[in-house]
Amino acid sequence: MSTNNIKTFSIFSILLIAALLFTACGPATTPTPEPPVTPTTPPDEPPDDFTGTLEVFSWWTTGGEAAGLENLFELYKNKFPQVEIINATVAGGAGFEAKPALTARMLGGDPPDSFQVHMGQELTETWVVDGFMDPVTFIFESEGWDQYYPQGVLDIISYEGEYWTVPVNIHRANVLWFNQEVFDQYGWTPPSTFDEFFALAEEMQAEGITPLALGDVGIWASTHLFEVVLAGSMSPDKYNGLWTGKTDWNGPEVKQALENMARMIEYANPDHAALSWDQANDLVIQGRAGMTIMGDWVDADNLAKGFEHSGWAHPPGTDGIFVALSDTFGLPLNAPHRDNAIEWLKIVGSKEGQEAFNPVKGSICARSDCNPNLFGSYLQGAMQDWESHTIVPSLAHGAAAPESWVALINDVMTSFVTNLNVASAQAGLAQSCIDAGICQ
Amino acid sequence: MKSTGKSVLISRDKKNIGPGFFQTTRWLIRKLPRLSSRISLYLILLVASAFYLTPIYVLLVTGIKSYAEASLDLMWQLPSAPSLESFRDAFKSLQPHFKNSLMLTVPAAILSTILGSVNGYILSKWRFRFSEIIFPLILFGMFIPYQSILIPLVQTLQSITNTALAMGYPRELLWLLPGYGSIAGLGFVHIVYGIPITTLIFRNYYAAVPGELVDAAKIDGAGLMGIYRWVLLPLSMPAFAVGLIWQFTSIWNEFLFAVILTQNPAVRPVTVALYNLAGSYIVEWNVQMAGALLAALPTLLVYIFLGRFFIRGLLAGSLKG
Amino acid sequence: MLRKINRDRFYSILLISPSIILIALFVYGFIAWSIWVSFSNWEGLRPDLTFRGVQNFVRLFSNPRFHIDIRNTIVFTVFFLTACIGLGLTLAVVIDQRIRGENFFRSLFLFPMAVSFIVTGVVWRWMLAPGDPATGRLTGVNILLDKINLPPLKWYTDPTVIHISANSQLGQLLDSVGLGFIANPLYGIPVAMISIVIAATWQMSGFVMAMYLAGLRGIPEELREAARVDGANEGQVYRHIVLPMLRPVTLSAVIILGHISLKIFDLVAAMSKRGPGFATDVPAYFMFETTFHANNFAQGAAISIFMLVTVSLLIIPYLIYSSRTDSEI
């Protein structure tokens, strides 16, 4: 090459190298990102020298959830000050963006040390069956947790004789929230049957108040409403049978539930497809809507908004029933820092940990020995109900059915809340059960 | 009084005082079509501006409100007590990530533009047997949906990191390696998927450079790099403007790759951090909107200051058919 | 001299080979992976790449949600392209008339491009939230509409699909010639999609305007003068001289906007997700949910391959056309 070309080439190369070096000038304060570890060389920290990092993956990014998580981290840091905690979060309700990120990592063989997952079929079908998790029975045994976790919960987290995750909280899905001031003003009482609900709805409409506030921009809120109506339209045994194929989806109970829900939607705010559940709650707070049926995270929402006139009751037909869901942490197979992760799970399942997490988060302990005085009035009531009610798993939040099935049901709900066609919805639900491999 | 020249307004009227009523009317009537069309032009611009400005208004106004006032029904109303509190909160959460975004976007935009320039040069001036096929094949890469290649992408990046580690690559330098989980890896991905658009920009641009210039340089003894350095590069500024601006905007605003390919929050760019400002359940809209404005600021500044180069580059045919 | 040319040829191929290799792997290699998965058994997190034949595609094409997705994509593409090109061209022509404050207007119209699709989706979701007219609770743009005495709209919560009703005269007519199936929502226009079109147009029309502006500035003034001398008024100048010369710009705009509209995801996810009765569901969104929420990788891959084929049908003719016109130069 001529000298000109050599000069040009060298300038060029220098430019490229300079640009590469520029890329290299990474943020000085970044801790070294954890390298993914191949399955053949799992590193193990020596038991009495806890260093390294602990990466916890969740979608708890703000508010009480993030604060509760921080409290758990505090407890961990007090015990193991040498371990650096990486709070890997991705925002989005129900893990909208978090799940893809987690999936990509797990498939690539780079699991976090622990991740947030709903107890039940979501955990079992997605992760356990395909062998991505390590059983945690040994932790339950060493910590003696069998006596503190209700049998219902232990059943849900079991698979082939082992426990697979540590529940940190319990949320209730079936709560009917209302504005106590508005109810007092008109002399209303919360309905306990569907007939009472529809009668009350008529009265509310006459007063210009939207009877039911619904916010299903994320469609899961409609599935949530559906599961509460299902639980209220049949016995707990029949409800449980839906998920094992024992109860016929083409049967009269499901039909009744769909008809109830169709009528309820007619009393709901027409812009529900534009609102999220918390914006629907705003309608109740402002007195523009009478009731909303949503899980007990509404309590945390009310507290955050300074709403003091919240009333709660059992949605129609669900007195004595506790539709449960739970956030849990598991132990991925080949977690990069297995011992750190195990210690994390011990804190998550401890009385201390759950008492630090739940009052702030707005849920009740999964354990039965937490101190009720740490909790607000609604949560105290929920704790008592947890002891006495019949526990059934939530559908929309991963306990009753695996995600693939929930996705199919979400699709049916999408059409149903728009066209209110009971027959086609029932057919779609029956087909979903078949597609999910449960029904024949 | 001696009249030294023509009066300002040549008037055939008897009055010499100035434009009279009829004069003005006649002037108006003559000018009216053009005047009314001018007015309608500005009217169109006004309506269009309202359309473009309204969302910006919502962003700004919500950003200076308190949490209680940042609700759907009060959307248009000005805040009762405007404060920059939300901006402060948003900035506090986003600040460390701005650096990450800059570290990601600037080198990646520069590198991918340079790469596109070289590719465009070769494909337009050094045609070889397969160059007519290679260009469409490269261009096609612009059109794939990114969701569909996420899984193999992650696996490929993982294997890069694992292979490097197996070959003795030091752990401390992992952030420099274009593998999984690092800004370098994310930048690498953006450079790769930016190749089609930057190549398109430069190839179209260089295609407009007359072949005689290149031939003359060849006769003068310039070779491959010489022609590039002395003939094309000096002419390339508008194309560089288009390429850099486009890539800067795309990479800065990109979300999907950013959220999947970076898991350590300290490494994340500002788009993911902005998204994370929203809670899973509770969204502080005032902070969200303020954060969105802050995150858009760098790209906005780029457009304000380099916008005319962008137009000039487009004018020179960078994205013409 | 000849050796020099050959050496330069060699280096030129060398310089372009990194790009070729990278594209070969990261685009075509991954597409091949996707094709394989789309014919496989992979449902759930354990990769199962055993061949299953066309079953995934059969299932996909019999899924009513997918039919709706295709309809939505067509509707969105048509409206989006028309609106963007119409608005962009209009604004470019207006600005080209030596407007005062051109820099300001140009920057203003280009500004939305600086914002990410997610932010656009969030803001427009707010602005087009309809509220509840029955109880007098209006939100967003409906408040403004109310102020000028226009009726409030349901925007993206509107489940209406404008279609030929089977009971109408036209519907009966179609039925009599055996085309009765057209009188069906599947062949209609989902009103909710219009809201998405508005947001997307807000984002991209400035860019189209910039392209047309550049195109307009590239038309030599002499051509326009010549037409004027020949007695044409401004309108005729535009119709017969300017607009035909802008055809390449229109083509580029159609290609760029077209591929954005076929892949649209961020905006829908941020704004309305699937919409009432799937009114705003699009294939990219369906693919995302199927792959990452339902963990059905095989079906997700099938959707991607479908999207790829659709894009190819649009792009490949364009590529052939453009390379042919190039070789004429």
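Quick notes on this one:
Every chain is named by a letter (A, B and C) in the order it is written, and numbering of its residues begins at 1.
Going forward, a contact is a pair of C-beta atoms (placed from the backbone, for glycine too) under 8 Å apart; a residue touches a chain by one contact, two chains touch by 3 or more.
Fair warning: this is a prediction, and the values are worked out from it, not measured in the lab.
Set against the C-alpha centre of chain B, every other chain centre is closer than that of A.
Set against one another, B-C and A-B show the most C-beta pairs in contact at B-C.
Centres computed as Cα averages put chain A at a distance of 38 Å from chain B. Chain B and chain C have centres, each the mean of its CA atoms, that are 18 Å apart.
Each of residues 72, 150-151, 223-225, 275 in chain B touches at least two other chains. Shown for chain A are the residues that touch two or more other chains, namely 1, 100, 107. Under the contact definition stated at the top, the residues of chain C that touch 2 or more other chains are 7, 129, 131, 137, 139, 288, 291.
For chain C in complex with chain A, the touching residues are 7, 43-47, 65, 125, 128-132, 134-137, 139, 154-157, 159, 269, 272-278, 288-296. Chain A contributes residues 1-2, 4-5, 7-9, 11-12, 15-16, 19-20, 22-27, 29-36, 38, 55, 57, 59-63, 65-66, 86-95, 97, 100-101, 104-105, 107-110, 112, 276-279, 282, 297, 300-301, 304-305 to its touches with chain B in the complex. Listing the residues of chain B that touch chain C in their complex gives 41-42, 44-45, 48-49, 51-56, 58-59, 62, 72-73, 75-76, 115, 118-119, 122-123, 126, 128, 132, 134-153, 156, 189, 192-193, 195-196, 199, 207, 223-225, 249, 252-256, 271, 274-275, 285, 288-289, 292, 295-296, 299-300, 302-304, 307-308, 310-312, 314-315, 317, 319-321.
Chain C meets chain B in the complex at residues 4, 7-9, 11-13, 15-16, 18-20, 22-23, 25-31, 33-34, 87, 90-91, 94-95, 97, 99, 103, 105-120, 122-124, 126-127, 129, 131, 137-140, 143-144, 202, 206, 210-211, 213-215, 217-218, 247-249, 251-252, 256, 259, 263, 265-266, 284, 287-288, 291, 297, 300-301, 303-305, 307-308, 311-312, 315-316, 319-320, 322-323, 325-327, 329. On the chain B side of its complex with chain A, the touching residues are 68, 71-72, 96, 99-100, 103, 106-108, 110-111, 114, 150-151, 154-155, 157-158, 161-162, 165, 171-172, 174-176, 180-184, 187, 221-226, 228-230, 259-260, 263-267, 272, 275-284.
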